[in-house]
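Let me begin by handing over the structure; questions about it come next.
Naming follows writing order (A, B, C, D, E and F), and every chain is counted from residue 1.
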Amino acid sequence: MSGLTHIGADGAARMVDVSAKPVTAREAEAKGRVVITPETAALIRDGQAAKGDVLAVARIAGILAAKKTGELIPLCHPLPLDAVTIDLAVTGDAVEITAIARTTGRTGVEMEALTAVSIAALTIYDMVKAVDKTMRIEAVRLTRKTGGKSGDFSAP
Amino acid sequence: MSGLTHIGADGAARMVDVSAKPVTAREAEAKGRVVITPETAALIRDGQAAKGDVLAVARIAGILAAKKTGELIPLCHPLPLDAVTIDLAVTGDAVEITAIARTTGRTGVEMEALTAVSIAALTIYDMVKAVDKTMRIEAVRLTRKTGGKSGDFSAP
Amino acid sequence: MSGLTHIGADGAARMVDVSAKPVTAREAEAKGRVVITPETAALIRDGQAAKGDVLAVARIAGILAAKKTGELIPLCHPLPLDAVTIDLAVTGDAVEITAIARTTGRTGVEMEALTAVSIAALTIYDMVKAVDKTMRIEAVRLTRKTGGKSGDFSAP
Amino acid sequence: MSGLTHIGADGAARMVDVSAKPVTAREAEAKGRVVITPETAALIRDGQAAKGDVLAVARIAGILAAKKTGELIPLCHPLPLDAVTIDLAVTGDAVEITAIARTTGRTGVEMEALTAVSIAALTIYDMVKAVDKTMRIEAVRLTRKTGGKSGDFSAP
Amino acid sequence: MSGLTHIGADGAARMVDVSAKPVTAREAEAKGRVVITPETAALIRDGQAAKGDVLAVARIAGILAAKKTGELIPLCHPLPLDAVTIDLAVTGDAVEITAIARTTGRTGVEMEALTAVSIAALTIYDMVKAVDKTMRIEAVRLTRKTGGKSGDFSAP
Amino acid sequence: MSGLTHIGADGAARMVDVSAKPVTAREAEAKGRVVITPETAALIRDGQAAKGDVLAVARIAGILAAKKTGELIPLCHPLPLDAVTIDLAVTGDAVEITAIARTTGRTGVEMEALTAVSIAALTIYDMVKAVDKTMRIEAVRLTRKTGGKSGDFSAP
């Protein structure tokens, strides 16, 4: 037994069968961070005050990406989503990203929340890369999960 | 002047006009890391010896994602890609990911390489999450870039 | 309170949470019109009699677009669709388009019906633009809606 | 001869052969309008002053849609885009939409500009529909076109 | 009456209304074959023993394609999938492909299984075409179907 | 050396580097067949005479699929297409499908033509499956190829 649910007894990748699992309300929260220079942080914050566009574009990109998760991550189940929200906070040297996804379904939405964080981060990177060549995307991780038989989960 | 090329004089997001830029050969390399437990590393490494599937699935997901970059990152130009390769190395507590993208075009392929790394990382996360709840995706960044008028770039 | 359900208390765009809404049968009908010259109308009508292709292509494009609504309209919920039909009628100086969409779900299908009409209209435009440079797409609107807590709606 | 370039001699739909056409710089501008109540116009305008989100979301949706034109309109050629901009102006009873698309290629970008206008209009409709049930999308048309052998075109 | 459920009384294509059908568990199995030379079979089999990549890539492509069925086949209903598995066996002169798809829904998953087989076959073709110009994809067909009111079905 | 161009020296799948290949005009023709009962053939032929929809839908699905090839076949290069045509002929017990694709680029369009044939075949299957449970898709193969350094190719 491999312990990896996406690998069958014969070692081949497969989409795990969830047909026997109950339909329940599920929620997942993921976080991540784009580390930037203080100058870039100021630029985004000022831009934000005046027009909001860098963060607005990243938020939309993250929400759209959550809906594409099943198409991007090969063994993910396609899921209807009940809600997606993306929160973006500019600190002195980073943009902190939090995504929350909800579904009523047979599998969890961890990958949807994590995909939303990752694509929002890449979108910030894209919009700022002309002025900051040393950005890094850090600490993309699951921070909370509720619903489903594997029990609730919470981490910093 | 905002310094942000994706924001016009009126503060609105736009796809930057590249029609006057020359068509040149361009290459970008990006890296990132999925931090895992030593037990998970062993599981992937053994799985790898026997069947290769976790890493094979991540590699394919990354290559496919590079081709979708223009659809995921709102202000990216859609680009033909000449080549994409993804290298995956399992260390004691991480999977190290390197993606290289090439094009012959008017804009660079940094976002393609970074998107390939991010989606390969998420795919590893997805396949291993049943046995490791504390994974993190770290240090997603551009490590090399050649071609284009802004000059070559290299970083660790 | 902004009155706009897609904007949170903090002014940020979000996908509205529908998890507490009941699953019900919902239907929406939308209409629109491509205004063309009498010569173009005759050309489509004759084409139609002999081969049907202009209208057949537009019908298929509209049905496919209804299925892509959640991917095109950023804050739309992805929805399973139970049925989509597109009706096209060529008058003396227009193609009149009617789309009906049905789902069994937590949110309505207005946007699916409207997207089907819009893309069917653009497809007609594309196929006829070589002979008619003055076309316009007019009066794209919701004409009927049933199911859901906001009550039924009907308009000309 | 049908006069319709997308219909072959046998009456079947086809993607027209452009391989013999020269690669030239091409630009197209399209316009359209979402007709709304004065109350909705005020709501969007105020929302705009404070946060910009309704218009920001519509702008991003339009830009992304321009890049998907070849996938939405069956007989359109897939095209690399050099630039896309979307301008949105709120008047007393409408949102006026202008989209400009540019390419360096073998076919024009009329459909890209028109698709951007249509999806931006639908996105505004989606975000405002909870407070305004009588919206209409009107006057979606090509207003300017340059490049390509069929000559320049301009209309109000 | 035409007997073709996707064609309305007026002869126009439509997505058949399934809203009155019950939600039940459904499964479909499809098979197909890529006929290759004995040399190519040996090459894939050896490659398989050492690295698994040709078959691993085909398997992932087939699973991803099953999830895209509603977007590829115009009149198919978009469906959540509970499970997809793809089995690949290399014989002396062919790769035999079997795909199984499962859903809990209002319509069957025949097309999902058949699409998975077809795209897995094309992916094998793509990876091997540099060394074998005479490949053929043969015998793509439904071999089993359970669930739904039309009754179970089984064929060799 | 594996002989398989999509597999690197380390056994990992990759998108082959085509940046050094010249841009040339390329064309590929592929064929395939949906084997049906004589009754189904009559039904499609009559339907064809009256309305054309089964074949029209299959033709559009095939053209759209050709444009999605790079997204469906993991290691295919995304390509601009200059032309796609699909020819469908109903015989006594089959629908014969021929697809021709053209590009001006660095790689061939074999996979585009083969993907168009496969998805057109699946679309016919989908529209007729309610009345014919024993259909098979047979003989999907490349029949002609011109342009590119590997030389021209022709097969029955």
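Basically, contacts are C-beta pairs under 8 Å (C-beta built on N, C-alpha and C of every residue); 3 or more make two chains touch, one makes a residue touch a chain.
Just so it is clear, the model here is predicted, and its values are computed rather than measured.
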item: Chain hops separating subunit C from subunit A, counting only touching neighbours; value: 1
item: Magnitude of the superposing rotation for subunit C and subunit D (Cα, nearest 5°); value: 180
item: Identified repeat of the C-E interface (over half of residue pairs identical), from C-D, A-C or E-F; value: A-C
item: Euclidean distance of C-alpha centroids - subunit D vs subunit E, Å; value: 36
item: Approximate Å spacing (C-alpha centroids) for the pair subunit A, subunit D; value: 30
item: Junction residues of subunit E, two or more chains touched; value: 12-13, 51, 53, 56-57, 60-61, 64, 68, 74-75, 80
item: Set of all touching chain pairs, with the criterion as stated earlier; value: A-B, A-C, A-D, A-E, B-D, B-E, B-F, C-D, C-E, C-F, D-F, E-F
item: Parts of subunit E lying in touch with subunit A, wherever the complex brings them together; value: 25, 56, 59-60, 63-64, 67-68, 80-88, 102-104
item: Residues of subunit F touching subunit E in the complex; value: 2-7, 11-13, 32, 43, 47, 50-51, 53-54, 56-57, 60-61, 64-65, 68, 72-76, 110-111, 114-115, 118-119, 121-123, 125-131, 133-142, 153, 155
item: Of all residues in subunit D, those that touch subunit F in their complex; value: 8, 12-19, 70-71, 74-75, 77-80, 105-106
item: Complex contact set, residues of subunit A against subunit D; value: 51-53, 56-57, 60-61, 64
